[in-house]
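Chain nomenclature is as follows: A, B, C and D, assigned in order of appearance, with residue numbering initiated at 1 for each chain independently.
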Amino acid sequence: MSDVTKEQLLDFYKTMLTIRKFEDKAAELFAAGRLPGFVHLYSGEEAVATGVCASLTNKDYITSTHRGHGHLIAKGGQVDKMMAELFAKVTGYCKGRGGSMHIADVDLGILGANGIVGAGQPIAVGAAFANQYLKNDAVSVCFFGDAASNRGTFHEALNLASVWKLPVIFVCENNRFGISMNQKDHMNIVDVSQRAISYGIPGVTIDGNDVAAVYETAKDAISRARKGEGPSLIECKTWRHYGHFQGDAGLYKDVQEQEEWLKKDPILKLEEKLKVLNFAKDTELKEIRQQIQGQIDAAVAFAENSPEPSTEDVLADVYAP
Amino acid sequence: MKKMTYAEAIRDGMRVEMQRDANVYIAGEDVGKFGGCFGVTAGLFDEFPGRVLDTPISETAIVGHAVGAAAAGLRPVVEIMFIDFMGVCMDELFNQAAKMRYMFGGKAKVPMVVRTPCGGGMTASAQHSQCIEAWFTHIPGIKTIMPSTPADAKGLMAAAIRDDNPVMYIEHKQLLAMSGEVPEGEYVIPLGKADIKRAGSDVTIVAWSWMVHKALAAAEQLAKEGINAEVVDLRTLVPLDKECILQSVAKTNRLVVVNEAVRTSGFAGEIAAIVVEEGFDLLDAPIVRVTALDIPVPFNAKLEAVYLPNETKIIAAVKSLF
Amino acid sequence: MKKMTYAEAIRDGMRVEMQRDANVYIAGEDVGKFGGCFGVTAGLFDEFPGRVLDTPISETAIVGHAVGAAAAGLRPVVEIMFIDFMGVCMDELFNQAAKMRYMFGGKAKVPMVVRTPCGGGMTASAQHSQCIEAWFTHIPGIKTIMPSTPADAKGLMAAAIRDDNPVMYIEHKQLLAMSGEVPEGEYVIPLGKADIKRAGSDVTIVAWSWMVHKALAAAEQLAKEGINAEVVDLRTLVPLDKECILQSVAKTNRLVVVNEAVRTSGFAGEIAAIVVEEGFDLLDAPIVRVTALDIPVPFNAKLEAVYLPNETKIIAAVKSLF
Amino acid sequence: MSDVTKEQLLDFYKTMLTIRKFEDKAAELFAAGRLPGFVHLYSGEEAVATGVCASLTNKDYITSTHRGHGHLIAKGGQVDKMMAELFAKVTGYCKGRGGSMHIADVDLGILGANGIVGAGQPIAVGAAFANQYLKNDAVSVCFFGDAASNRGTFHEALNLASVWKLPVIFVCENNRFGISMNQKDHMNIVDVSQRAISYGIPGVTIDGNDVAAVYETAKDAISRARKGEGPSLIECKTWRHYGHFQGDAGLYKDVQEQEEWLKKDPILKLEEKLKVLNFAKDTELKEIRQQIQGQIDAAVAFAENSPEPSTEDVLADVYAP
């Protein structure tokens, strides 16, 4: 922990809070029937994206998942353009053509949320290959869930990354569920990080609700990757607060477990730490919260006031010219 | 007869077959206690202990294991949560399930059903809204079913499970909640029989799945304008009831084919090709296809509406033939 | 002009583009020192150090990585050893490569080429002989090319690599050793332009890939019997040169489409559907498709010969129109 | 070794020799242009199929590969019907419709050679599920190569088998090459058996050229599977004597390595053992060899004298009635 400065922790706090408030708002809007499509919320897992992306620049790539809002915000996505995309507006990241599961911005190094579980894994490997080929010192990070680590893409992607010694970091967000399937029913091991052995790459399991731990671990893996030392696998144990998607009550979760994990909320944990270390007072934190709430509200206003895409150019952008 | 939704009818079809035959079982992601992403298998987990199995997210293994289980004597009914995920397990379907019998000189049977929902209109965007049935129809050795009503859903499910071949049983998300009369108990609709959902004399509209309802609605409108359309619901794409289509065209001399899939190389083209090849002399006008646009399914509801076929487009197509 | 085989011409097309653009690279199974299963990449490993990469047997990762590399600025040309293996990596192609640009609101480019050989006639049996181009043509967002001659193979390869979209570049195993004149140096044939390989006035035969040669041979025979056939080589299936087809039919009023794929839902049906829809009044006769049978490709050479389209079948189809 | 009796060793010898002589003949016929299609020979790897299948009955299933002749013979396939299939004759296992890469006989528990690398893995899992579901005490064995263990099917199949605790044994024939690709270039680990860790199942590496070792190891795994103790992974290190397929000179192989492995020929090894243990004399072995050569020659004669399939029923058997 020693390495993490006050400024960094406060930055982490802001990012995590932005994600949380974005998700809270999305939940509210979805419940009110104001968002089309499917929405999968990242609440509870904010420390992972935040801790990992803290060591990335816009030249680095990430691939995200169906549960992508957190990754995108942590990688620099603007909440107004994201919210506009959830509203299917033309001012959204995808001009209203993608929606929650496809938000992307190649300029920010975001190669997309993805509606296909496990699809980001080979894509991240390809981006990492581009980094290596172009010798541009950049890396790629692939976020995916515990259940996604059962897909064939996981296996092929990690093996190829290892054989080619690519600058890619595989970050498994183990929230213990693939929809209703408890990890113990979808794999026969406790730590996904053990799967690194199959590829001869480093694998480690950490507390995914401790942003500083995530930051430190990811920083090391990223710097090894930048130095040409190849890929690694980081498993972050975490928990999703909501159901799988909005509309799923999550009845398959053990009630007590849910309560315990809510106590381990990464944002609460960080607030405590900030206070214990005397990095921030309650009032300051409150101020941050208000400021971020303001941004989220502004994002909603922006989204609401934005026009829908014109049906006239529905055919545009299927092919690049 | 009992009123049921399409989803309930599918379930009832599976239930009756599971009662009849102990070798029928269900496997897929979240199909167990959770009852399936769209609730189609709800309750079966408790009703049939040990016969409704949750799997990891491993479509390749889901379809691949079904091939082995079927060849070894069982009758798997596997669920792929969205048809859009079939790209992950096409090899298991097209190189294994479909070809095993032929490659093995006729000495294997692969009685398996892949149930999967297709279709748009839910703002579910490009990877959760597709209609790719044409791919399956291009694979000799499998059968492809797309029911449009609760009763058909039940009767075709029974036939699919009893069939000794791999069957793609394609549901439509828009129809799951649709309600209708469904025969109770054992009820089997033979594969390969189209159904005339509306008789008519002026033009034949061939459709399947959700589009049958769009075609029927269009036909009602057209009737008011004096055009009496016959709506042929294919129900089974492979094997195809060519005779039914050709007979209808023989009567109407005009054909519109409605298909929710993207236009190029969709199954609507196959229908048109068959009719121009085998029924050229019956035709008094071009065959018009009403299909989705050749683009990925857009998220925004208005864009998606432009993308999809609909009543208005069908009516315009029909009128263009007169 | 220089004489080259079709395989050499493909290689020359890749070589010239690799010389032009440092971001073009090749990856696939055994494409390196081994030179590829069919020798198409032979020599390039030494010629372009670090730019011809062997991969593990991981088609999903091969195509999937290409998507990421392309989105990140490179121009991958990946080889899938047989088109029959594409079932393994359809998701990467159809949900990722094809849709990325559209889903991302036009803000991504995915310039990648998937090279893969198709086709029968080699007693290679059911899993190494197929023609599944129709699947790819049913996916908006990708282009599909099937050259029939060495010169076309080179010119279309250059265009495929320069194109900013995913391109399926489908070779034919029967053509790899075929020799012909090929322009040296930079040579680009624009995508979407059909080529009239033989002018004629009595009937239009549309074909592509290996079948162009069957069609030409049939045309020679027919000429002796007084039927003057025009042979249209599509070269690119998507984007399709509809105008060329319709203009030819406008002249001949008769159409035969030849396609090596199995009949049902093959791309021949799409051609027929377009022509009956947009050129109905041009037609004096049914549109006949000459295709493979709707069965898995049999191993035995005589059975395979019965399965495949051939000159005799084309000639019979043409004659049936008169 | 103690467990293996004289009779068993002599049986192994016969089986291995049958495979070898079948392959030698196929090589000869192919070189003479008398066999259509592709032919991948098993020569050098005979101990694996033989040692494993020795503990299987007709009720047990196997899935095989493109390099399938050895598995089929060891599982009870008749050489005459196999040879007839290579000749594409109607008397062949597939009535001439399958060829070398698709030979199968469901009654013998052979779910087919396979032209798609890695495709047999989930199929074997499905057959094992049938065994478990039907409580019939049977098991399934999945043969595959080192390079096939890089396919996504491997990952998904082993994970599912483990989660469902199925009676299936995954036998990796590590001949160190996937066509021209040396194992060190296609994966970053030395022992494929390490991949068992990813699924929480036993994994072991053995000398695949020692038929007794293969037999003992497989027997244990098979009996554990029969008892409901779940799947295992056995890696057999071996070597293919020929190129990848007939026509490939195998120039990517190190000459010295090839020579060393030829000295480790499993049949030579077994002959020595039989002599050292005084289980058989040279003359007896010679007799066996002659007898088997006679069977192979008879198989060729059978195949040659068999009719081709009739083109009339080319459409039959696409669909079951």
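As a working rule, contacts are C-beta pairs under 8 Å (C-beta built on N, C-alpha and C of every residue); 3 or more make two chains touch, one makes a residue touch a chain.
Model, not experiment: these values are computed from the prediction.
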Could you work out how many touching-chain steps separate subunit A from subunit D at minimum? 1
C-D or B-D: which has the larger count of contacting C-beta pairs? B-D
Chain centres from averaged Cα atoms put subunit A and subunit B apart, in whole Å, by 36
Note: subunit D sits from subunit B at a C-alpha centroid distance in Å of 40
Rounded Å distance, subunit B centre to subunit C centre (Cα mean): 30
Mind pulling the residue numbers of subunit A that touch at least two other chains? 94, 96-98, 102, 114-116, 150-153, 156, 159, 163, 185-187, 318
Within subunit B, the set of residues that touch 2 or more other chains is 56, 58, 60, 84-85, 88, 91-92, 95, 102-103, 125-127, 140-141, 293-296, 298
So how do the chains connect up here, line, ring, star, complete, or something else (other)? complete
In the complex with subunit C, residue positions of subunit B that touch it: 84-88, 90-95, 98-99, 102-103, 125-127, 132, 134-135, 137-141, 238, 240, 261-262, 264-270, 272-278, 280-281, 283, 285-289, 293-296, 298
Within the complex, subunit A is touched by subunit C residues 23, 25, 50, 53, 55-56, 58, 60-61, 63-74, 76, 91-92, 95-96, 100-111, 140-141, 143, 164-165
What does subunit A use to touch subunit C in their complex? 61, 63, 92-98, 102, 104-107, 111-112, 114-116, 119, 121-131, 133-134, 140, 152-153, 156-157, 159-160, 163-164, 316-321
Looking at the complex, which residues from subunit B come into contact with subunit A? 29-30, 32-34, 37, 54, 56-58, 60, 84-85, 88, 122-128, 293-296, 298-303, 306-307
Give the list of subunit D residues in touch with subunit C in this complex. 36-38, 88-89, 94, 96-99, 101-102, 114-118, 147-148, 150-152, 178-181, 185-187, 252, 308-309, 311, 314-315, 318
